[in-house]
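Note that subunit A is present in both complexes that follow, paired respectively with subunit B and with subunit C.
Right after this comes the complex of A and B.
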């Protein structure tokens, strides 16, 4: 008997297939109720709404793939937001602010990475700590909502380039960057470490370094998310990112990435972000009152995860059949 | 010329357990040296020390005469030491190709790992090693265990090591000749091999020398040729093959209802089994592996559903749907897989033992430490478990002491009927004697034991009666006077008594 190659749907990033179907379904419903949905304005609007979560969820996905957790994302977004709101009108200017914001993200990521990958502390506990510290620092930098983000940043991030929304370009860039990274040695190691840390170690992979890089990259992504977020709201608010955390995890889970690591990928999470964003729009377009939307959000999330599991179950049963 | 590998007095401790103590041996160039020992004798620890997974506490290793202190597997690989691990070090979610080339697969100019190109190379490498039925693009997790084992071996071999460590490489292998061919070829090319196995025939086929470990110490290092199977067994087990069992008077209490009665029991892997177990009786269950013993025990304790038939305890029909319910009826199981089913490895030995009675030693919902100690100290003497182990995490204890603790747990629950599944597997000789003594005392006091063992001599010497299972049903029921290893084996193999045919198989079985 010749062992069979992996079926095509497995190669498509684990459990992402049901998420894609769900996204298409919801886009269809949304477009049926809201004719402007598929105009270039509607799409650009959608992308701008989704890109912040996309950046943050990308970072989280990388960490989750290695089998760890990272709650610090919302805190980093908060710090970066208040930094942008206080710095961008001053001496650093737009590009300087971007640099500083990314540096802040990198720094938080590196601290997490050191504590977790090198000292072996539990990631959940460490990143709860850094989340709270980050939120505290954000409050010190900007105690109350306010500040102002430079117009250059706002137009630069929310505008178009050759008629293509910048947010869309960033989406594609994230997808391409991940497709590239996951085929590098480090990318393979990420999946290996998340799936089976013991076998990875016995195979000679450097488990701590792999995790270290993952946390640092995640910090960078959160920094980027904070920067783009600032451009979209145009001011600073130390608390507004608090609800972010759950949506980040939701996007990762809906996108089919296993929360215990080793399976899934950024592409799935981007689709998960799409689902969460379109879902809000769809519910609004249908006319569901706002105080019901959370219930739907939660239910659709559970349904999405259920279908995600279903597809792997089907794959297992298919495998068990004699070839 | 200096030997390929020289190990000088290395020791390694884990908590309360000494895994290796003062072990020294040499592996000459181009030699295949067997490494034998029972479970827990320290073989795998030795392999891990040499391959670079762990570092020994003391002692030194020389590789081709030069000091060798690997800090990681990668360093070991670089120095020419390659290992096929017993627990298989393949990552299930990656493809065969990627696994073959871990940890440092080739990169192209962009820094990407060119999977397609590597697939080509993987096919060549696999074919070179006589593997033609595995497609390299398949995920390792989708392959059966036997195929994974072959990939693990090919991966270790394709690095062209000067020292190759094979840790029980045939555990899941159906075609052993394939491996033997590869080993012969590697040796011809000058590779030196340390071959770990339980199986004597393999050692005889491959190795010129063998080293035997017992309880972390080297007890023998000699030519294979000059040793009889008996000698090898004796050294592995630290006792002669035919152990001198202390005979005991039967303690069966006649009259009254049987402690456990099973009538026409059917379930997954159990076909129409009926038997009676009297108070004070030790009833054996013999059978070759996979003939329903394990399923029978699972059905009795409520781990698998009973499809038909009845179980009664002390004359009353009972429905046992979970081990918890079984315990309520006074039936306790000592499971087959100690590590995964028996112990809570992160808890102390004390907590592991007191688990069944934890409700009765609490005050206001909190565990009363003094009451716990009192309750535990009632049962520990009967298994001869030293009090000093109680405070240690049970995971750091030796297999024998872990097993004693599990037996103590079964006793503390007040069970009247113990189901013991191979309680002496991977247990040192001293602990074995303690376990036998505990069983004898238990039946003397009116308890009943259903005792499944893969070691036939235990059944012959300890049981009042012995059931033999064949194809999930009971094929024989022998009284004490009728018991002999040959009879058990012939019934278990499904043919009429034929003593000569039996013996070879016995030694194979023991070797496993």
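Right after this comes the complex of A and C.
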């Protein structure tokens, strides 16, 4: 199945090339209309806007690559946000809160993983359930907006290190971690399991374990997203992530990851996150008025997904033609 | 190659952007300029309160001399906090001089609001509030609507009777604050019995439906306390028990004001006060913000109280024209719809507005911006307009209405 020659853009996560071009185009338009786009203020704002979705979309991508769905992300983000807003000023402190928040993400991921990978339940149904449970728990922890996030967390996450925004460092770290992970045995198995679970099982891959690790890693990513979100708003709100799920799936789809699994990757999703984030800025910069913003949002998303699928279309045509 | 051409164009655009960003002079203090960049950031949109507030602000921004001085833009962020944060950052980046916000959350915007303040941008909120101390909140949330209206009802009812409690929207600070005050007042009078309560969501249709249900179970109710959805609540009583109406506190819908002043309705027992937060708080906040930005006014405190609209039956005065002049405060039934919010206008503070202005956003012909009287600073309420602060000791007590003694 693998193409023999591996041109540079294939290595960028398969279908991501058109998305990269679109992102560059949108950035160009944004920068042309908004002089401050390329200042450090503009860039660090953009990265801070994007990093929450980037973390969450990374988690979702890993699960989707194995051919499963995961809707629990928005619920985990909500729990982690209210946890950070209620715990970080108290005994656990900043690092303790980070640990507890990641643990919560891990726990939800592990429960999902057990039910889906080990018991073989439908991932869509299971994760709808865990989404609703998580949102309910968030409302119990914090029934109305409030709470406070420790300053150390806020400055630690939204500040910069040697002049480089922390959010930017996290972006690079995500990309590097994925580049490393996808070349491990587990990473190769993820693609194989997503492309054809039966063939994978027959050729000796451990399908349940592969999926189990994917769901747990995803939970961890959602926990991280909730923690960073908390740092950005500095307070808690149990309904903060209500409209988040759609953007997570949009980022994954725009980035060229196939929603049936086996094709795509985290790098593409990161580009997808970039497109969604720059879109809001670009529409503001070119002055799209009031209600039309939503229409443009939708249209650009459809266009982005179309271009995202274009590369696989081109690849299929190219395959048909003898090289 | 198409790709190459695109990338060349992008390179050009990026280069142009770089050059121009180097040329931009940092904004000096906003004072004494002749041109201002002003943003209105709405969150929710699509209901009549929000539309009337936004139209009033737009009309004022287009009224001389502001029409020539202000580059005005409205941005609707929707109900997602992260989008509101992103839009506010865009406004900061676009070099805003002033931003007027309807905030989605009292706490979640604090960091971006601080960013704006640090750039010397004047940040004002209207109606809803933020706890970030560098912003100015303009609201009547501190004006004790809950305590005053409940006390007014108690006085009218002689301290006894059955009351229906129409909450607003669950989980909002407004609802929490007003409910606490109204409950506190009603509780002091043992002969006042709350026989039903529901979340009317500040909506007339919902309120009408719920009051009709309660009326079926409790045919003897004497009063309805509400924040909004008052006209709908009254309609339910008029349909279900047309000969015996109730004592009410509520919004400022034109139909409601006409009803409470109608002698035929009064003869059937209707006693009502028209109060509650009005859309004109948006226009007032805008005018105040511009006076501060242009250096005409200096605010010593963070929170400004917008006077609580208060119209009792004896105060209702029908206007002959399209605006509130000479103290009139209500329109004839054929002029506007029954649900039109009379508090979208304010004869004293916003004489520049007319019916057309708050319905279309166009300025009133011949109007000129008039200066505001001195402001009244607001009480502090923790979690509402400040964080580490104490509320006044009597914040649950009425301050506009004098309580009657508890009947034996």
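Here, the second predicted complex is superposed on the first by the 312 of 323 C-alpha atoms of A that agree within 3 Å, B and C clash if a C-alpha of one lies under 4 Å from a C-alpha of the other, contacts with A are read in each partner's own complex, and residues count from 1 in each chain.
We adopt the following convention: a contact is a pair of C-beta atoms (placed from the backbone, for glycine too) under 8 Å apart; a residue touches a chain by one contact, two chains touch by 3 or more.
None of the values given here were measured: they were computed from a predicted structure.
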Subunit B and subunit C placed together on subunit A: clash or fit? fit
- So, A:34: does it touch subunit B (first), subunit C (second), both, or neither? second
Between subunit B (first) and subunit C (second), which does A:304 come into contact with in this model arrangement: first, second, both, or neither?
-> neither
The chain contacting more residues of subunit A, comparing subunit B with subunit C, is C
Could you say whether A:49 touches subunit B, subunit C, both of them, or neither, answering first, second, both or neither?
second
Field: First, second, both or neither for A:196, with subunit B first and subunit C second
entry: first
Please indicate which partner A:154 is in contact with in the superposed arrangement: first for subunit B, second for subunit C, both, or neither. second
Rounded to the nearest 10 degrees, the Cα-centre angle subunit B-subunit A-subunit C in the superposed arrangement comes to 130
When the two complexes are superposed, subunit B comes to within a least CA distance of subunit C, in Å, of 27
Contacts of subunit A common to subunit B and subunit C in the A-superposed view none
Residue set of subunit A touching subunit C in the complex reads 21, 24-25, 27-29, 31-32, 34-39, 41-42, 45, 49, 52, 143-148, 154, 158, 229, 232-237, 240, 242-243, 277, 280-281, 284-285, 287, 289-291, 293-294
In their shared complex, subunit A is touched by residues of subunit B numbered 53, 72-74, 77, 83, 85, 87-95, 98-99, 102-105, 107, 110-113, 115, 133-135, 137-139, 142-143, 147
The subunit C residues in contact with subunit A across the complex are 3, 6-7, 9-10, 13-14, 16-18, 20-21, 24, 45, 73-76, 78-83, 85-87, 89-90, 92-95, 105-111, 171, 173, 176, 383, 387
The subunit A residues in contact with subunit B across the complex are 1-6, 10, 180, 183-185, 188-189, 191-192, 194-196, 198-206, 262-263, 319
